[in-house]
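Next come the structures, one after another.
What follows is chain A paired twice: with chain B in the first complex and chain C in the second.
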Partner chain A sequence: MTRYIIRRILWFIPVLLAIVMATFVFVRAIPGGPFDFVGDKSLPPSVVANLKAKYHLNEPVWKQFARYLYDVVIKQDLGPSYRYRGRTVNEIIRDALPISTQLGLLSLLLGLAIGLPAGIIAALKQNTAIDYGSTFVAILGVSIPNIVLGPLLIWIFALKLNWFPVARWGAQAPFFLGFLPVPNLTFWKYAILPTITLGTGLSASIARLTRASLLQTIREDYIRTARAKGLAERVVIVRHALKNSMIPVVTILGPMFAMVVTGTFTTEQIFGIPGLGKHFVTSVGNRDYPVVVGTTLLYSVFLVIANLLVDITYAWLDPRIRYD
Partner chain B sequence: MSIKRWAILAAVVTIAALILPACQPTEVEKIVKETVVVKETVPVEVEKTVVVTAPAGPSIDEMLETVGVKAVDDFTVEFTLEHPAGFFPAIAGMWVARPVPQWVIEEKGDRWTEPGFIVTNGPYVMTEWVHDDHIVFEQNPFYYDADKVQIQKIYGTMIVEASTAMSMYEANELDDTAPPLEDMDRIKTDPVLSKEFVIYPSDCTYYYGFVTTKPPVDNPLVRKALSAAIDRQTLVDTVLKGGQQPANAFANPLIFGNVAGDPDVCPWCLDYEMGKEKAKEWLAEAGYPNGEGWPSDVVLMYNTSEGHKKIAEFIQANWRDVLGINVNVENQEWKVYLQTIRNDTPLEDAPHIYRLGWCADYSDQNNWVHEVFNPTAGSNNTRLSADDPYVGDKIKEFDELTRAAGAEQDPAKRKEMYKQAEKLLVEEIAAMAPIYYYTNVDLHKPWLTRGKRGIGGYHFSNWTIDWEAKKAATGATGDVVTLNWNFGTEPPTADPGLATDTTSVDVDEQLFLGLTDFDDETMEVIPELATSWEVSEDGLTWTFHMRDDVVWVRYNTATKQVEQVLDDEGNPRKVTAHDIEYAVKRTLDPRTASDYAYVLYIIKNGEAVNTMSY
Partner chain C sequence: MTEDNILVRVEHLKKYFPITRGIVFQRQIGAVKAVDDISFDIRRGETLGLVGESGCGKSTTGRTILQLYRPTAGAVYFEGQDLAKMKGEQLRRMRRKMQMIFQDPYASLNPRMTVGNIVGEPLEVHGVASGKERYERVQELLQLVGLNPYFINRYPHEFSGGQRQRIGVARALALNPSFIVCDEPISALDVSIQAQVVNLLEDLQAEFKLTYLFIAHDLSMVRHISDRVAVMYLGKIMELTSRDELYNNPLHPYTQALLSAVPIPDPVVEETRRRIILEGDVPSPANPPAGCNFCTRCPRILEICHDEEPEFKEVGPDHWVACHLIA
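== the complex of A and B ==
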């Protein structure tokens, strides 16, 4: 197992390199550059040349890439932002990532807390009112986009009932361990609505997958065997069925984790949360190359690590899976 | 195995992608080549003033010494211009020319604008800036006019989503917001909100430009017909709904020398009944009676946006109904679009008609008809040329007129010249179809008394809040009169030398004073750091006399106090002409890479130094 993990970690290097290289090249291949215009105004070529010289964009792409790689690997420097003059990509990630991670983890926990029980109950009580009810809610949760749910929650709970503030985030750096906020009342007051907005969508996906997977598992031969041995139904479900049925769920949890902890554009935008989500999107429109590559790299790191954890979890969930 | 195969494939693809574009000269290299050509002319221009000793020519630092800005004494600054410019006092107060603290910039580099480091001289100081979340300004007690500032603190959020800001406004978390279009009908009928709703004029114009070398819009009659067949008032009433003003000329009503609403200029732009008749006549005269023979490939292009799409479709329908012609509506993503409409794009890739907007950098027509449409000195996306077979002579006249108007010193004569220029632009050459003048829709609470957003930013220092009323209504506490404001986005910079966008300019307006400023009501140039100024006979030398009671301040993040910055002798450090000289040279230094450096090209050797490579 250890050998497997080391081998996988070594594989991260070419994978991340390929991702960075592809992003680095492709973002430069999109027509239009970061400095051609400000607003509707075209800049004189002399000013554009000054800006490009400042950021070394006047060099050949391979040279820019070599420079970038050197900065990232040797100096852990992801470069300056072209749009936010005076800020670096490192600073942007340092400021925004902890907040996105807080929201993402809370939402993921909420998603699991609702999604897993709902899916399990629905599967065990298949074709009953509980099953139909939870399936209906799950489909509703998947179908209502955050862009609708967010403003709806704001309207009901912030404007009409006055229970929560409309928007924004209730924690500010410095954080414990770099990302854990002080869980005081202010924090929760600000966190609840966005967490529900993001978490319900996740819970719906988790619930549907859990239900389908568990339904399939309880029809397996080994479940029949377990029952035939005279095991208690609770033991059959918890020890044998549930554990094995978690494989598809864990599979989607990996990418889901990477996605939500690095920031979600819509939820953060609706609630005015200073997370990383917007930088993934607006940096492309701004042609802010270092931010595009930096955020993509960050997301990739989260993704490959999450996938590795998923693979390790497989071995624990299903003893038949062996990596050595 | 599958991971391995995938990784190898990805690596091969990316290496190929990396190498292929690198083999060809990139856009970057082309631009560098162009700049080199420009640079070659530099030594010729500066020979009179610089003794070129080294064969490589003067260094950037040596060239900076020759730039036409000089502190004559501590409180007198003198500018020498490339050519006479009646509008120069407007330029002199722009953010790129505002004094900045040399010693802080040299010590802290790019980080000098962070709270705790930043040293400023305006009515407010920046006490907090949590990026992407909020920015806090507090009153500067050492500001020379501090007695007149009533709002003591500004808490500015950066909520991007207009509907969220609207909800915050309704929950009394904001004192002011720009309501989203979807809420407009509700606001106008709501008994409370309708009283808090105001429409302010804005300094921007929305227009369609014609690529004047691309048939059939190479014919000015066709362009005039298209412009005249737009029902501007109905567009405003049914599509835009923000009280916008239909446009008959390019420059916005807030601009010096504008002819917005003047019935002498483009009367058919404002009178749709007249416009319809004229449009049909002109199109027939151009050879397309009732749209017969109209080519099927004419393209109207806009940058992808729901709002621009609605406008384009409305105007497309106008043209179909009035002229019997079909125009294809297409859109592109913003940065791609901006490339497409450049005048160096191959003609076959350019659209016939494109949409753009223009907002004021400073309140003068020079910033409008000249900088945008002048065929030889402006952006000239419409590709005007004196060789035009139809109206080449008019284009030549327009070229000379906007140059002469910029150089003219007499304001009355300048206004008359710009009126002629606008008539040429929209009537005779018809290079563009003005559509409407933007407005700012605004909701503000009854306890806030606010002004317009003048060119150059909001003047929070002139606004007032009935603090008792706000406390009673919102539950706010304490004695610090606080404005809850939404900037709407993270300001890309607080450095006046680098600002390019309205949010950054709004931040700079609180922190840094200029030699001049614009009046919020009249938009006229008014004194700020300078108390008076005069120009030499030849119009080339401007002398500004400055106040001697403006000091540099810093917010001490440890003691939470605003402190004066002291000089070597322990006296408060004043804002002097030397600071202005430094700021102007810093903006023009190519190593600063200031986007807006080009507005200072009017200053002697400004362009020469800014186009040097390093």
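== the complex of A and C ==
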């Protein structure tokens, strides 16, 4: 197992290298450049040329890439932002990532806390009113985009009922361990609406997958064997069915985790949360090359690590899966 | 035949699976009559073979007797108590005495449990043994079914089909049951392994005075292992008698057709074997024919067969048949 994990971690290097290289080349292939406009005005060609020279954009791409790799690997420096003058990509990530991670983790926990029990109950009460009810809610949860749910929640709970603030985030650096906020009342007041907005969709996907997988598992022959042993129904479900049905759920949790902890564009925009999500999107429009490549690299790192954790969990869930 | 001798008495047992239609409001539009009004006894210490073609309700009968399916109607008396009326804790306690060996040794063992847990779990939930005692008992059981006790911490996928079926047998034996339903325990195994498992079942029966309901479609295997044999067709028992009587003097046309299909391992006799070939297909159990269930394919049909269902009655000493031909 240890050998397997080491080998997998070594594989991260070529995978991440390929991702960075592709992003690096492709983003430069998009027409336009980072210095085409400042506000509404376009810059004089001489200024653009000077800026390009400053950031080595006039060099061949392979040379730029070698320079970038050297900075990232040796100096752990993801470069300067072309758009936000005086800010580096490292600073942007350092400031925005912890907040996105807080929101992402809370939403994921909410998604699991609602999704797993809802899926289990729906499967055990298949084709009853409870099942149809929870399936309906789950489809609703998947179908309503955050861009609708967020403003709706703000309108009801912030504007009409005045229970929660309309926007912003209730925690600031420094954070414990780099990302854990002080869980005081202010933090929760600001966190609840965005967490519900983001968590609903996650819980709905988790519930649907849990239901489908558990339904398949409880039809297995060994569940009948368990009943024949004379086990109580609760034991049959918990000990024999649940763990066997968790593999598909764990599988989606990996990418889901990487996606939400690196920030979500819509939810963060709606609630004015200074997270990382918007940088994934705006940096492309701005042709802010270092931010595009830096955020992509960060997301990829989260994704490969999450997938490794998923694969390790497989081995625990199913003894037939062995790595060596 | 005294009452004490009877371990299991099945009376007018029915198991219908509903066919429903409708999306929101489901209404029943029919039923698959998997087991349709069957009655028979299983005597203490005997092996009752239950044969019939695929889909005739053999497995459903076995599962319904053990209440893994709840019967639609009828009674199953086990040591005089009606299992069909029991539920919950009371029924779970009865499971100590009646167990099942399943057909598919690949699917019927939980893939993420060790052999020790699969075999030992019943001991624990019924409060028979736990901890070290349980561990020793499991080792003992593994040895009993011819597996190395050292395998206790392995997982089912590390075993071959025959070994896995031995695990299934050890599991069924864990609680010292008196009655075991063997639901085609050898059909999924290689022919070379089948004899081993059958011999194991026979040895265990002799050692622990077990009573078997042996479900199979392999007629020669049933002949080998059974004391009495019941022949099932489309949810009903057509004929039930002792093994020798059944194979030497089959009375029901369906039994005769079934037996005529068995090849005989003697070229001289095989030469003269006359196969009775049945025409047509088995009718759907959702819509069985009126009268005798076999009337659509019977080679010796009478007028009455289409209208009246034949009674399942004793026509000779311990020879029961449901057929209008035998008056």
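Just so we're on the same page, the second predicted complex is superposed on the first by the 322 of 324 C-alpha atoms of A that agree within 3 Å, B and C clash if a C-alpha of one lies under 4 Å from a C-alpha of the other, contacts with A are read in each partner's own complex, and residues count from 1 in each chain.
Throughout what follows, a residue touches a chain if its C-beta (ideal position, glycine included) is under 8 Å from a C-beta of that chain, and two chains touch if they have at least 3 such contacts.
Small disclaimer: the values here were computed from a predicted structure and weren't measured.
K.L.:
Quick check on the superposed pair: does A:318 touch chain B, chain C, both, or neither? Answer first, second, both or neither.
P.N.:
After superposing on A, A:318 lies in contact with chain C but is clear of chain B.
K.L.:
Touching A:62 in the superposition: chain B (first), chain C (second), both, neither?
P.N.:
first
K.L.:
Counting only touches as set out at the top, which of chain B and chain C does A:231 meet: first, second, both, neither?
P.N.:
Once the two structures are laid over each other on A, A:231 reaches chain C alone.
K.L.:
May I ask you to name which of chain B and chain C touches more residues of chain A?
P.N.:
Partner with more touched residues of chain A: B.
K.L.:
Touching A:196 in the superposition: chain B (first), chain C (second), both, neither?
P.N.:
A:196 contacts neither chain B nor chain C.
K.L.:
Applying the document's definition of touch, where does A:171 land relative to chain B and chain C: first, second, both, or neither?
P.N.:
Neither partner.
K.L.:
May I ask you to decide whether A:25 touches chain B, chain C, both, or neither, giving the answer as first, second, both or neither?
P.N.:
The first partner, chain B, only.
K.L.:
Considering only touches as defined above, state whether A:118 meets chain B (first), chain C (second), both or neither.
P.N.:
The answer is neither, since A:118 touches no partner chain.
K.L.:
What residues on chain A does chain C touch that chain B touches too?
P.N.:
none
K.L.:
Using the touch definition up top, name the residues of chain A that touch chain B in the complex.
P.N.:
11, 14-15, 17-19, 21-22, 24-26, 28-33, 35-54, 57-62, 65, 80, 83-87, 91-92, 95-96, 151, 154-155, 158-159, 162, 165-169, 172, 269-272, 274, 278, 285, 287
K.L.:
Which residues of chain A touch chain C in their complex?
P.N.:
Residue list for chain A touching chain C: 127, 132, 220-222, 224-232, 235, 240, 243-244, 317-320.
K.L.:
Touching residues of chain C toward chain A in the complex: what are they?
P.N.:
That would be residues 24, 26, 63, 66, 68, 92-96, 99-100, 102, 104, 107-114, 121-122, 125-126, 155, 157, 168, 171, 175 of chain C.
K.L.:
So in the complex, the part of chain B that touches chain A is made up of which residues?
P.N.:
3-4, 7, 10-11, 13-15, 17-19, 21-22, 26-29, 31-32, 34-35, 38, 110-114, 130-133, 157-161, 163-165, 167-168, 170-171, 173, 333-339, 342, 356-359, 379, 381, 490, 492-493, 495, 498, 500-501, 590-598, 607, 610-611, 613-614
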